[in-house]
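Next come two complexes, and both contain chain A; in the first it sits with chain B, in the second with chain C.
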Partner chain A sequence: MSRSIFEKLRSIPDQYLALISILFMLIPVIYPLGLPLPISAPTRGYYQTIENLPSGSIVVIDNGPSIAQWSQFESPELATYKLLLSRPLKWLSWGTTTDGPVMNDILLKRIDPEKTFGKVYGTDYLILGYIPGYETAIAAVARDTHAVATNDYYGNSVTQYPLWNEITNAKSFALVISINTGCTNMDVESRQWYAIYGLKILEINSASCSAVSINYFPNIMPGGLWGSKGGAELEILSHFPGPGLRLNDAANLGLIPFLVSLAVANIGYLGTRYLRKEKKATP
Partner chain B sequence: MSREIKRRIPIGLISVITAFFLIEYFAAPSFTVIHSVKGELTVWGALIAGFMLIFGVFILLRHHFLQLAVRHAGWQDKVCSIVFFAAFLAFLAVGFSTPARVAGANYRWIYQNMYTPTGSAILALCFFWCVYGGYRTFTIKSWESAAIGLGAVIYMLRLLPIGPYYIPQLAPFGDWVLSTINVGATRGGTIAVGIAALILGFRTLIGKETSVLEATKE
Partner chain C sequence: MTPGEIWAAWLFALFSIAILSYLWKITIVYRLAEAFSVGSLTAHVVITSYTGSIENIGIIPIISGQYVRIIPFVLGLLVFARFIRKYGWLSRYPTAILTGVGIGVMFGATFRAQIIAQIGNTVSAFHELDIVGAILTLVGMVTVLSYFIYTHEQKGPLGISAKIGRLFAMFSFGLNFSAEIVYYLTVMVGILIILYDTWIKGAILGQKRRLSLS
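Coming up: the complex of A and B.
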């Protein structure tokens, strides 16, 4: 007995699904879409919070991305560093994961802060290495920053840097930027920075975590960038073009096959069910 | 030392430290001794975490060494262990090959050209599993699954530039779903987790919470 069209729709081989997905992702590579991107409220909040910081404020960056999610973190991180460096602000970055300082260093090499923005390492910004412990480490950095590090990421003594001498603990910072891949990251960050010291937190996280992190918006977390979409939006707002829009096109077009597969599967399922019912009703 | 005493010492330590941290939170700034001791303990926490990292590396090395040398593991497992040792030694050698260590150009190269593409490729494979999974299992069989499906579709279409471009109402509607309906539900979950943590904390405080010790058993 030949199968109905609905049954065929329910049994498309995986290879075809994979092929369609790859073809969709290739579209922006061959032909960038460049569709207008509406700026979301968390991105506006993110941008405004940094813009509104008083001159000379120090920002602490809890830097814990996963380098495996490079495509999700590259554009929001890059746009953030450019925005921070373009403003009269100072920042201290430290790793909550081993990947954090490495990615930070790779991206800063690409920006070249001294040449592009006239910012000096050690005076305007400082990168510490990985400090293990995640929440314990955050608590320690907030409590007594000097107690947790003696050298920077490059292995040099931190005491030689003027910025290090301006920092003592959480009270030295005006804002926290948390970069992390965990969907409960804001729970941890808010426990250590906001609940105890009242510091507001901006978050960079993967796109899938926005549904959880949004809980803290806009009071504890006045803004957030989630995935390449967030990065692309900040690139537009800050007028620092980067890889966000291209990556966003590719990442988002990858979702279309997922949506199409959902639609096809459900048409197949509902159609098959309908045909079975009709068959049963026929005497 | 009996097993009971071995259990009671760490449980007692955890209880005392938990109580101390709790008291410190509510203590007035004039109680400087309490605040400085808590500060010292917090820094100890970071140091212990650093030590645990070394301990973790040791456990990992031991596991793979045993898999190669002692255990009657299959050849696939042995290959995995060989790959582990090769990667471990390569990273170690590259890390220590220059005075700049992990900040050196060699280490950055290995990170950018080996670790990043490998990690990204493995993560990218998840995407295909999502497509297969969505196709095979995400069928609307009830009102509940229809609601989940609708929410997922709205959320994803909101992420697509094409979605709000062709349906301008999708962006504000997607934002509303995310920031109102979603927040209502997830905040409930967050509050539940908070209450559970409070109960766990209280059990720890009175020395009833032994799962931190039992969890280490295989």
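Coming up: the complex of A and C.
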């Protein structure tokens, strides 16, 4: 029995769809398109919050991305470090995952803060290693920062750094930047930093968590960057170009085959159902 | 590119293609890449956990005289007691303490951060001239909450409210799903960029390119 056009539409192999999607994504990878990108309110809030910090403020970064999600975190993290380093601010970063400080180090080596911005490690910024416990660790860092580390990420004693001596607990910080992968991340961060110490939180997270984290915008979380789109927006706002725009172009183009296949599959489903009804109605 | 970077680029490319072969079908190549990935990640976590936490928060402070830290150190070791059948019960102590501390740390702040502040967030939207957004937020919150009222039959006003609430919930699920798709697409694009920049242009064609993972 020959299949109807609708049944054929419904049974297009997944492999073809994947191949077409990859081909669409490859176009902007090879030839960057520079598609226009409007700046969203959370990104504006993110940028403004950092811009409005008084000179000499210390920012604490709860750093817990996953290197497996490199493309999600590369551009927002890179743009954030550049923005922080370009302003008269100081920051302490510590790992909520084992990957956090590794990625931090890789990205900072690319920026070269001393050469590019004249910022000195240990005076203007400091990277601690992984501190296990996640929420318990956040609570510990906030209560007594000195109790959670003896060495920095590179294995050197932290007591030799001037910035370490400026920090005691949550009261030393003016702002929290949370870079984490879980969609309940803002729940944890808001409990430990906002509810107890009243500190506002900026979030960097993967695109898949944007719909969850947005619940905290703008009161607890005055801004957020989700995935490469957030990174691309901050790149535009801060005038520090990075990898975000190219990634965003490719993701946008990769969506086209997905949307087409979604429409095709639905046409196939509805068409098959209609034909069956017709068949039943025919005596 | 240095010889080490060229090797790294080739390894990245081979493993990426092996994992992507899943799109065609599960083969021995895919399984090998998966096993390598799990093994190397485990090694990475073990090493960074040791240098980052056991050494940094445990061994160094104990050596410098903070003997109180021996207690969590011993508790940590007790986790491994589950591997010895006779002493397996000892592992319940660190688990109980971890759970207790976790709940204690979380519980006090939950009410303020997740309930009071969220109600404040809903109401404060009215002060920001975004009246349409504020009304939608309020209607969405009330109707979705009403959807979860099971102690009364959902008829009359409650039924209408629950139906509207279900619509809001569906919008939310759709938003979550679309964000998930964008996430996976971006991960894929990231792999393609590294393959194109680092492997094809850098390692194969020998062009001077910045390594995406350097």
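Heads up, the rule we're going with is that the second predicted complex is superposed on the first by the 283 of 283 C-alpha atoms of A that agree within 3 Å, B and C clash if a C-alpha of one lies under 4 Å from a C-alpha of the other, contacts with A are read in each partner's own complex, and residues count from 1 in each chain.
By definition in this document, a contact is a pair of C-beta atoms (placed from the backbone, for glycine too) under 8 Å apart; a residue touches a chain by one contact, two chains touch by 3 or more.
Everything numeric here is computed off the predicted structure, so don't read it as measured data.
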| item | value |
| --- | --- |
| Contacts of A:209 with chain B and chain C, given as first, second, both or neither | second |
| Touching partner for A:229 - first (chain B), second (chain C), both, neither | both |
| First (chain B), second (chain C), both or neither touched by A:247 | second |
| Which superposed partner A:150 touches (first chain B, second chain C, both, neither) | second |
| Which superposed partner A:220 touches (first chain B, second chain C, both, neither) | second |
| Partner chain in contact with A:174 - chain B first, chain C second, else both or neither | neither |
| Touched partner set for A:27, first chain B, second chain C, both or neither | neither |
| Which of chain B and chain C A:18 touches, first, second, both or neither | both |
| Chain B versus chain C as contact partner of A:264, first or second or both or neither | first |
| Common ground on chain A, meaning residues reached by chain C in one complex and by chain B in the other | 14, 18, 21, 69-71, 101-102, 106, 109, 129, 131-132, 136, 139, 148, 153, 155, 187, 196, 207, 210-212, 215, 227, 229, 254-255, 258 |
| Residue numbers on chain B that touch chain A, as the complex places them | 25, 38-39, 42-43, 45-46, 48-50, 52-53, 99-103, 107-108, 111-112, 115-116, 118-120, 122-123, 127-128, 130-132, 134-136, 138-141, 149, 152-153, 155-157, 159-162, 164-165, 171, 175, 178-179, 182-183, 186-187, 190, 193 |
| Touching residues (chain side chain A, partner chain B) in the complex | 12, 14, 17-18, 21, 33, 35-38, 40-41, 66-71, 101-102, 105-106, 109, 129, 131-134, 136-137, 139-141, 143-144, 147-148, 153-155, 187, 196, 207, 210-212, 214-215, 217, 227, 229, 248-249, 252-259, 261-262, 264-266, 269-270 |
| List of chain A residues in touch with chain C within their complex | 14-15, 18-19, 21-22, 25-26, 29-30, 69-72, 74, 95, 98, 101-102, 106, 109-110, 129-132, 135-136, 139, 148-151, 153, 155, 187-188, 190-192, 194-196, 206-212, 215-216, 219-220, 226-229, 243, 246-247, 250-251, 254-255, 258 |
| Residues of chain C that touch chain A when the two form their complex | 23-24, 44-45, 48-49, 51-53, 55-57, 60-61, 64, 101-102, 105-106, 108-110, 112-114, 117-118, 120-121, 124, 172, 175-176, 179-183, 185-193, 196, 210, 212-214 |
